[in-house]
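Going in written order, the chains are labelled A, B, C and D, and every chain counts its residues from 1.
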């Protein structure tokens, strides 16, 4: 397939294959790989397949509404583009292309601290894209404060604080490929403030404060004019702590299977967290969402919205903004058909009754 | 194998392979494919394999009776030919050949609204075939009423109203093959009334009323001189609603895995529905029935009869009426041996005690 | 491997491979095949692998005793050679070679009604072999009575009445191969009395009385001077009936997966039967026993002895009596090591505490 | 890969592959193989994958401590090198190289009775290596007493009495390869006392007293100036007996899957043993530990320390002491990252809350 020709790509799996063929091997290893034996990486997908849908008939689904309420704001659908580092490794237009796809599809884009486009540059280039900012809390708190200030000043609507990277996970694909070296050049430009010169992702991870605690989150949330969403929680215990320490929401996430192998998937962690959180937290989930049916399942398990990561990167690698946009559109079209066929007119009406444990042994997609 | 030579085909799986080799690729994709990742398509078969049979010995099985009671009528066996669209895509004799196989084997044939032979033509050509008529409720109710009237006038004994196609499922095999185009020419002749000119199956689906509710079913059942069977229900909640809104029976079905991927199979949905329905509804099930043992299992789970779809189409593709007939005969011979070996003289005596959850991990047949 | 050279064969799986290479295809298909999709055939093996052993240490296992009590007689070990038809299809010495292996290893040989050596001939040729006689109850009761009388007169110590063949199972390998034809010539000589001329196994099955009931068993057991063991029971309901109708014991069996596909394995059916039978019946089990560990598991689940079928036939095919003998010896050596390593000095002390459900997903061996 | 070049080897699986390519086939068969169908051998690995980690966030993991308390002594980490026979089969430096790796990494080395280096020689060559001595209780108690005395005199800190080898397991790889012959020459030098001339491992096993009981262990523990750890227990019943008969600790172990196939893995046996043992025994576990995450899981299930066997042998085969050292270092690095990412500062704080049954079907690694 020639880069840019996307007329034959009808599913996210098609984009995955096309991106694999097009991406530079080191970039591919970085983007696709996970920690350890990649059991969790694979299970992020399989976990959605372990849920069956219980569809209802004859409820009148001619007019469907994918809209959700998020942080008090009405959104046209529950898809959010997950924060992903180094998007220029996938396509020369990088984060700016992703932001254009977000704007076109009405998706929130969550910009990564490790972006290859700064938060300011992005806001200037695509001001119409709804946007959140992901950040790490650095040992040097000044850096984090400066990042926060810029996000506030440039129209970012929430801060997503990633808490599952006190150290870097062991990603063997990266160690085997030249990804670390390739990424090194990008990191210099990635961290907008405080970081000078070139460094590897691992060196970067060394800047993150591994001694961070919930008290710090509480202080941070108190200082922040934006709602703070904590990303990387997998237990109800931590969900309760998040609610008690000022978080507005959570991303139930295992960092795309990139940090610690054999941890639970978001899909499996979500129900207990939803029960523990009650109404106190907005819940997002990420990891392995590849089908419109997965989005319905996430909402049925208690999520308010769903982050989608790698598939957007595949779209980006294949055809820049147009590819990223098409990936989101496919998911939205599938989600719309899922609403109709599962028999629920409005995304906000999806509840636990629409899913049950699958009786089959889940195939690894 | 030369088309038409069926002496070597001893199982439905043999017919499947033979049909695959003989059918035009687009027609094959349309007939064999399912929605999404085809998890449900495959699971329709695997679900029967997740049940083990508990056979009884020494009950005296020299004389066996496969007969069942259905809509108050005694039938020689519980097999019904499921409604399938465009049967001329499989064989030039299409629905007429299928009707001949139905007549020869004492099976009810359920004619599809999307048949390539009209209800009138079929009744005239094979008047001795026991027949039901499947229909969609169109936004234009006049079309549906006209279809119903013709069915009543031409000896159809029941109306099977399909309710799980408010929109078309995402069938990737079709999107990749030329099936849609191939089918388009057929659709013109398929819908006997109201539709003029050529259209794709997707366009056809657009005619179906997505806003249909149980109230409409109630009205429809009230107007119909024939018993109404609702096809496409997978939950006990909907089974209760069906009983309350005038349905005489249900086909527990996921539309052959063609509409929404990862929904439950009929086999898995059936027990809860049977419990909810009690004596109020006649229960049919379809999806993945490939062996005589599957028929016994369906009856053990609470079905009164079993619809068989794709295998009949394979028989049709391989050898027209003779192939379709032989497919049903193989199933009936297997079912007869199953009665003997499971230790139950009469099909109507099969109850839940004859099955239990299989202790094995079900192989995907 | 040259036929007869068995020095390199160290496991039953080795014998299986060697036999497959040596046997005439039709005979192989007949001997190895099962009913339908062969799910039960395969599961007969897998079922043992779904049990884990809980070994005990430091109980003093220097002197081990594999002996069991069976029908009031002390036997050196719990292995019994299962009744298998047409053993001359595997080796020209047929049942006589098997009897020699039985004599050498102290195993009971259960001669099949469908043997290619008559009960009298066998008793004369190898009088020292401990032997039981398997028989079918024919519609013509005189034939069965005559077979019983000969067994009584010629030193057979028990009658094993097979009850799971009211009709012949659908064995596709046979239908595809020439096995039926090959077997036909043998059947003439197989049934020692009443049957004249050549017939297929299926025709033979037609002689068996499909209307047999427990009442007939009761009458038969009352007439028999030998203890009657009913073979082919898989439910506790039937075990209770057996006890009430004069049976001395049961073989929990699915006829080697040859009769009805997807029935339970002996291993899975045994525990509930053992509970229902209490002390009223001696319990044997067959199907899929390939390792000494399987023998221990059978006894732990409640069996008093274990029938081994196909593996003996493999030994026979590979090297006649010497092969059959070696197969049994391997199993006995493995069982002896299993006693030592599971920490139980005497086979009769094996109880349910030595096994538990395996935590693994059983590999299909 | 050239022997000795380990710069490209980043995981234990890498070492496994490299060792397989480098080792002499008979030695490889001996070192890698297991009993029977190797179900337990494979399950030793899979069992760890059936556990998921529940990671906690934001607990402050900047300073991590892998240290544990063992037999009243503080150790820098919970890894112990398992006793393995004939290490010169893997590398000419054999046990001495392993001891150097132990010394460098702060690991206890447990020397095998079947070592190709005597306990005295090892102590003289690498006096700084922390060391335990594994022994069998021979029918000739004098040999065992002499072995014990030497261990006491030469700085061994504990005696590990292996109790799961009353007879030799059936290891088919050995029977098929020349491993037995190859090993025979080594055995002569392996047993430091009492054994003269050459013998096979099976002959050696014949020296072990199969009539050993818990009473003997009690006597032995009473005589021993060193703490006695019983290796090879898999049931809570035996754990209770161990505590009552003077054992200081247990190694929950199935002898690397080499003795009895289909017994439980250490990982699966551990929880019930931990509950039965309470505070009375120190608990070690071995079998299938290949990742730092496995070490955390072992501690979460109740182990105080973890024995690692084959991977150290792979390191030895690939690059002698440097290879063995690197293998342990990789595990320690992974364990350190696991502490950080699972959110537990100190190994001794790991409890059952950090794991749960994995929702996935465990892949066989």
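Note that a contact is a pair of C-beta atoms (placed from the backbone, for glycine too) under 8 Å apart; a residue touches a chain by one contact, two chains touch by 3 or more.
If you're wondering where the values come from, they're calculated on a predicted model, not measured in any experiment.
Colleague: Count of steps on the shortest touching-chain route from subunit B to subunit D?
Modeller: 2
Colleague: Considering only chains that satisfy the touch condition with subunit C, which of them also satisfy it with subunit D?
Modeller: Both-contact set = empty.
Colleague: Regarding the subunit A and subunit D pair, does the interface count as same (over half of residue numbers shared) or different (under half shared)?
Modeller: Both copies touch with mostly different residues.
Colleague: In terms of CA centroid distance, which chain is the most far removed from subunit D?
Modeller: Checked the centroid distances; the maximum from subunit D is B.
Colleague: Could you grab the centroid distance between subunit A and subunit C? Build each centroid from C-alpha atoms only and quote it in angstrom.
Modeller: 59
Colleague: Could you grab the centroid distance between subunit B and subunit C? Build each centroid from C-alpha atoms only and quote it in angstrom.
Modeller: Distance between chain centres, rounded to whole Å: 42 Å.
Colleague: Give the residues of subunit A touching no fewer than two other chains, as numbers and ranges.
Modeller: If we look for residues of subunit A contacting two or more partner chains, we find 361.
Colleague: Would you mind writing out the residues of subunit A in touch with subunit D in their complex?
Modeller: 36-37, 39, 42-43, 46-47, 50, 163-164, 166-170, 172, 175-176, 209-214, 216-217, 230, 232-235, 237-238, 241, 259-265, 268, 361-362
Colleague: In the complex formed with subunit B, which residues of subunit A make contact?
Modeller: 10-11, 49, 51-63, 291, 293, 333-334, 337-338, 340-342, 356, 358-361, 363, 365
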